[in-house]
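Below you'll find the structures, each written out as structure tokens.
Presented sequentially are two complexes of subunit A, the first with subunit B as partner and the second with subunit C.
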Partner chain A sequence: MPMVSRWMYISLVILYSFLLGPFIIIFMASFGANATMAFPPQGFTLDWFANVFETSQFIDSFWISLHLALLSTIVSLVMGMPVAYALTRFQFAASGLVETIFSAPILVPGLVIGFAMLNFFVLLGDMRVMTGLFIGHTAILFPYSVRVISASLRNLDPYVEDAAVSLGANRLRGFLLVVLPNMQAGIAAAFVLGFITSFNNVPVSLFLSGPGVTTLPVSMLSYLEYYFDPTIAALSTLLVIFTVVLVQTAERVLGLSQFV
Partner chain B sequence: MIRRPNQTRTIILLVCPALIFVLVFFVLPLIFLLSQSVLPEDGGFTLSGYLEFFQSRVSWIVYLRTLKLGLIVTGICVVMAYPAAFVLARMPPRRRSFLVSLVILPLMTNAVARTFAWLIILGRRGMINQTLLSLELVENPVRFIFTETAIVLGLTQLFLPLMVLPLVSAMENIPDDVLEAARSLGANRLTTFLRIVVPLSSDGLVLGATLVFTGSVTAFVTPAILGGSRLLLMSTLLRQKAVILFDQQAAAVVAVVMILTTLAVNLLLRVGRVQQG
Partner chain C sequence: MPYLEIHDLTVSYEKNQPTLERFSLNVEQGELLSLLGPSGCGKTTTLRSVAGFIQPDAGRIVINGRDYTHLPPNQRDIGLVFQSYALFPHLTVFNNVAFGLRMRRIPKKEIYSRVANALKMVGLEAFADRRPAQLSGGQQQRVALARATVIEPQVLLLDEPLSNLDAGLRVTMRQEIRRLQQQLGITTLYVTHDQVEAMTISDRVVVMNQGEIEQMGTPENIFSAPETVFVADFMGFDNHFNTEVVSVGDSKLTATWGGAPIQLRWHSKFGSPRPGARAEIFFRADNASLVAGTEATGLAGQVILHTFHGNELQYLVDTEVGEFSIMQDSDSERFEAGAAVTVQPHTQKWIAIIEETAARRQRKE
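Coming up: the complex of A and B.
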């Protein structure tokens, strides 16, 4: 390999130890027997993992996060797909504006979005906490679903679809029978990306969470305000395993990295 | 592309559901936020909220600290990511995609879990303090948490992938031939890197720097855990004004300043990129 010198390999080692080292430390801490988080951990126990499953706050918020992530990802995909289709298949005057509007949620800080939405929802009157969270998460997922689906549509030759239409299928049939099956990978990638973005989100959920209805990352954050024990480490370890399985599967099957 | 007379209707039908959603639930709340910052509940239009913000020493300190830490984090990310991204981009595709997926991994885990590790490393009885104590370099544990260093470390780990990924994809497009040509014409490794690789990957650099900087100046979890109320950044200040002080107007002002800051950075770098191109 030309051009790559030894010190550059060292930079790779530094990069990875910085990125992954903290995870190794969390992993070790989650099995340590002492409750005060001293390092290095003494002994070995699975108590902290048991504690995760006994803490109802975590279990409840895990289900809320899971529902929320599934629901908002699906809705943002179903609504975002037609937008991506319009942007890639038609030329129209307002397309630049539409594109900007749908990428805006990524440019505005999440905490600001959550704060603005909370104030707005209060203005609207009684709204269920879950509804507010759902609206917030769906809005922040649009940029991902529109962008990833657009990319996948651009890779698909429009003539394939035109051929279907000229052979007598109407546009909708052409889309459902020809376009949709051809962008499975893009849809799956957008789904995984959206799911993870929603599942991990803190800033938007922070203001929108309410009494008894909290997402998992927000309840982890509030747990940290009161307790400083390895339960969070154990929970983090479980979440990392969950993510590794999800991401590695997605990467192997779909090549997720090209969309990030 | 097939043109049809009722194309406009089709486009409207396709775009409208999502557009209405975003306008009502995203744009409208932001407009309401803007109005909150200039219209207090008990009176007419006023800029007093902004005046208060920019006249207060505390807000200035918090704002400048936020920008300063953002710059430091971006700088560290550039230095750490550049050579590493170059190595990654020159690797055979299979090994590269495995290593790149390891870079993505931390990005896919929630920020609380990722920041928590720093409490174990930097805490009173954490890794560094235990080491320092056992080597008898210090007599009492050093306070690392609630310092700027802690926030910088946490943010760097959080956003480093956002610098590595755009750099790798920019550098993948540099053909080997170009580098070999430079070498055979007598440039040494460093010259080639600085005069060929850096200019050809500047797009990735600009994108990465925008993502890291805007991410750092708006991040909430890391400053909340590692800075607390003792070392506020804009995001934790916003939360404090809204939740603890119940001053919605002041909170709205902080929020608007945060939006303007991110927008300014994005515009600035976009203009820079257009001029370069």
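Coming up: the complex of A and C.
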């Protein structure tokens, strides 16, 4: 049926042009010689990329974002593992309620979380900006960790632990030798997902950033308020490449897509 | 002396509602004993208590003269086979089987030869490098068997090991488990809800109901001489009816069937019943014959339904005592629905059971 496939073809083209079009424009604009963002770009220059690395605001906030993402992802994983284990292995009275509470940060709008946390931290008194950011990011990553690790645990027969114990392993060794290796892919997937979620987060970071301590997306926003040159386009191009490489590597190595 | 002893075991998941109460059982050395019963009868609870995964409220578990009651499960030296196989998905077949030996810090060389030997016994020596996911269900269960037996455990426990396999494979695996068990001479406790499985694999069968032993005996004994109404039902006695005891002798009692006296084996937990007591009479579909007309001795009835079963024909016959299902050879005389027939009993295969309720009823009357 050629009609159907022609329509499918056309809608596919439309879909992809809306998905990828903006990126292509940003990508091309980042090499343009115009002083303001323009499309189609005129000339060719790498000056804007150089400008990214010369703007200390970006470099500083990149390191902050990187540290923040790594730290909050690792902590959310360490906290999420026992929760996922408990939720999948034991039936207890409030397990449904616990699961709902743990998924709240996914359901509540990021701006609301950010605003609420800001008010909460102000009430608590003096807190370092970085501490606030770390707590905020860990909180939004935590439900993702729990969910992704739970998914990997649900695929594992709960009786393998009993089998290991009956063969002579104590509970801890049974967990380390039999359960943990089967959680590995889930943990790695949760790590990549958590890292990207934290690294790209705007709403929570927006409220919790402070003087001198800003994450990369937030400093990009504030840069845009004053300048409209293609530096931002160049930085965006770099970020897209960074994320795509990260996800592709994870997909190749781990088969990430089976958990998300 | 028994090898595995369970003394007065009491286990409750909820307070004051014990799943097992003062449950006792002995398994002889090298014997395969089945715990047979419907779900919730306490058979799996018994098995998991022996394995050490359930800490009983009271009672003792003794294996080979040693008290195991308070020993943690990883120190019990027990081989366990699960319904879901519970293989380690990230390990090869070889490493699955070697797991227990590594936990025991057996030298590498010995591990290699013992695992190779165990895999050979279950016919999987060519699959040592595969992952469990690359094996069929039957092969996975063989790996589970090799893994549980390679450690040369004191006792082997099998928890519904064949329930996840299809019917044909179940028969083959049943024979393989039995062969392996006899070759190793390993004392085995086998939990199942399938009576055919229990019959074919066991030295002795224990029929359990609501945490208690209904009957214990050889498969033949359980099959042909059930002692309680529950066991008779569970062992597939298709037909039963309630009737009055006319007179009682040492081994046979007399009841009536179509006006004529019949002599039946009987069983009662409450001593000899008196004449006039009620008895539940059980017989299998193939332990009665049909003859045409109502002139012959026996119980008169009418054919309601007949179905073809290959070598046999099954009739549903309505009589004044009740409806009975009766199997006849397909080369015997055929009867259409509505035909008048006489049901003649094979009394040596029938059994009369006098239950507590019947005995009580008799006392009250």
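The working rule: the second predicted complex is superposed on the first by the 255 of 260 C-alpha atoms of A that agree within 3 Å, B and C clash if a C-alpha of one lies under 4 Å from a C-alpha of the other, contacts with A are read in each partner's own complex, and residues count from 1 in each chain.
The rule is short, and it goes like this: contacts are C-beta pairs under 8 Å (C-beta built on N, C-alpha and C of every residue); 3 or more make two chains touch, one makes a residue touch a chain.
If you're wondering where the values come from, they're calculated on a predicted model, not measured in any experiment.
J.: With everything superposed onto subunit A, say whether subunit B and subunit C fit together or clash.
T.: Overlaying the two complexes on subunit A (C-alpha atoms) leaves subunit C and subunit B fitting together cleanly.
J.: When the two structures are overlaid on chain A, which partner does A:Val165 contact: first (subunit B), second (subunit C), both, or neither?
T.: So A:Val165 meets both subunit B and subunit C here.
J.: Quick one: the Cα-centre angle at subunit A between subunit B and subunit C, nearest 10 degrees, please.
T.: 90
J.: State whether A:Asp157 touches subunit B only (first), subunit C only (second), both chains, or neither.
T.: Only subunit C; A:Asp157 stays clear of subunit B.
J.: Just subunit B (first), just subunit C (second), both, or neither: which does A:Asn182 touch?
T.: Touch partner of A:Asn182: subunit C, not subunit B.
J.: Scan A:Leu239 for contacts with subunit B and subunit C and give back first, second, both or neither.
T.: first
J.: Specify the partner with more touching residues on subunit A, choosing between subunit B and subunit C.
T.: Larger number of subunit A residues touched: B.
J.: Enter the shortest inter-chain Cα distance between subunit B and subunit C once the structures share a common frame, rounded to whole Å.
T.: 5
J.: Jot down the residues of subunit A that show up as touching in both complexes, subunit B in one and subunit C in the other.
T.: Correct list for subunit A: 162, 165-166, 171.
J.: If we count contacts the way the header does, which residues on subunit A are in touch with subunit C in the complex?
T.: Touch residues, subunit A against subunit C: 156-157, 159-160, 162-171, 173-174, 177-178, 181-182.
J.: Please output the residues of subunit A touching subunit B within their complex, sorted ascending.
T.: 1-5, 7-9, 11-12, 14-16, 18-23, 25-26, 29, 36-40, 79-80, 82-83, 85-86, 89-90, 92, 98, 101-102, 104-105, 107-113, 115-117, 119-120, 123, 135-136, 138-139, 142, 146, 158, 162, 165-166, 171, 196, 199-200, 202-203, 206-207, 216-217, 220-221, 224, 228, 232-233, 235-236, 239-240, 243-244, 246-248, 251, 255-258, 260
J.: Please output the residues of subunit B touching subunit A within their complex, sorted ascending.
T.: Touch list, subunit B to subunit A: 1-2, 7-8, 10-11, 13-15, 17-19, 21-23, 25-30, 32-33, 36, 80-81, 83-84, 86-88, 90-91, 97, 99-114, 116-121, 123, 125-127, 130, 156-157, 160-161, 164-165, 169, 176, 179-180, 183, 189, 192-193, 214, 218, 220-221, 224-225, 235, 238-239, 242, 248, 251-252, 255, 258-259, 262-263, 266.
J.: Of all residues in subunit C, which touch subunit A in the complex?
T.: Touching subunit A from subunit C are residues 51, 53, 72-80, 82, 84-90, 99-100, 103-104, 147-148, 151.
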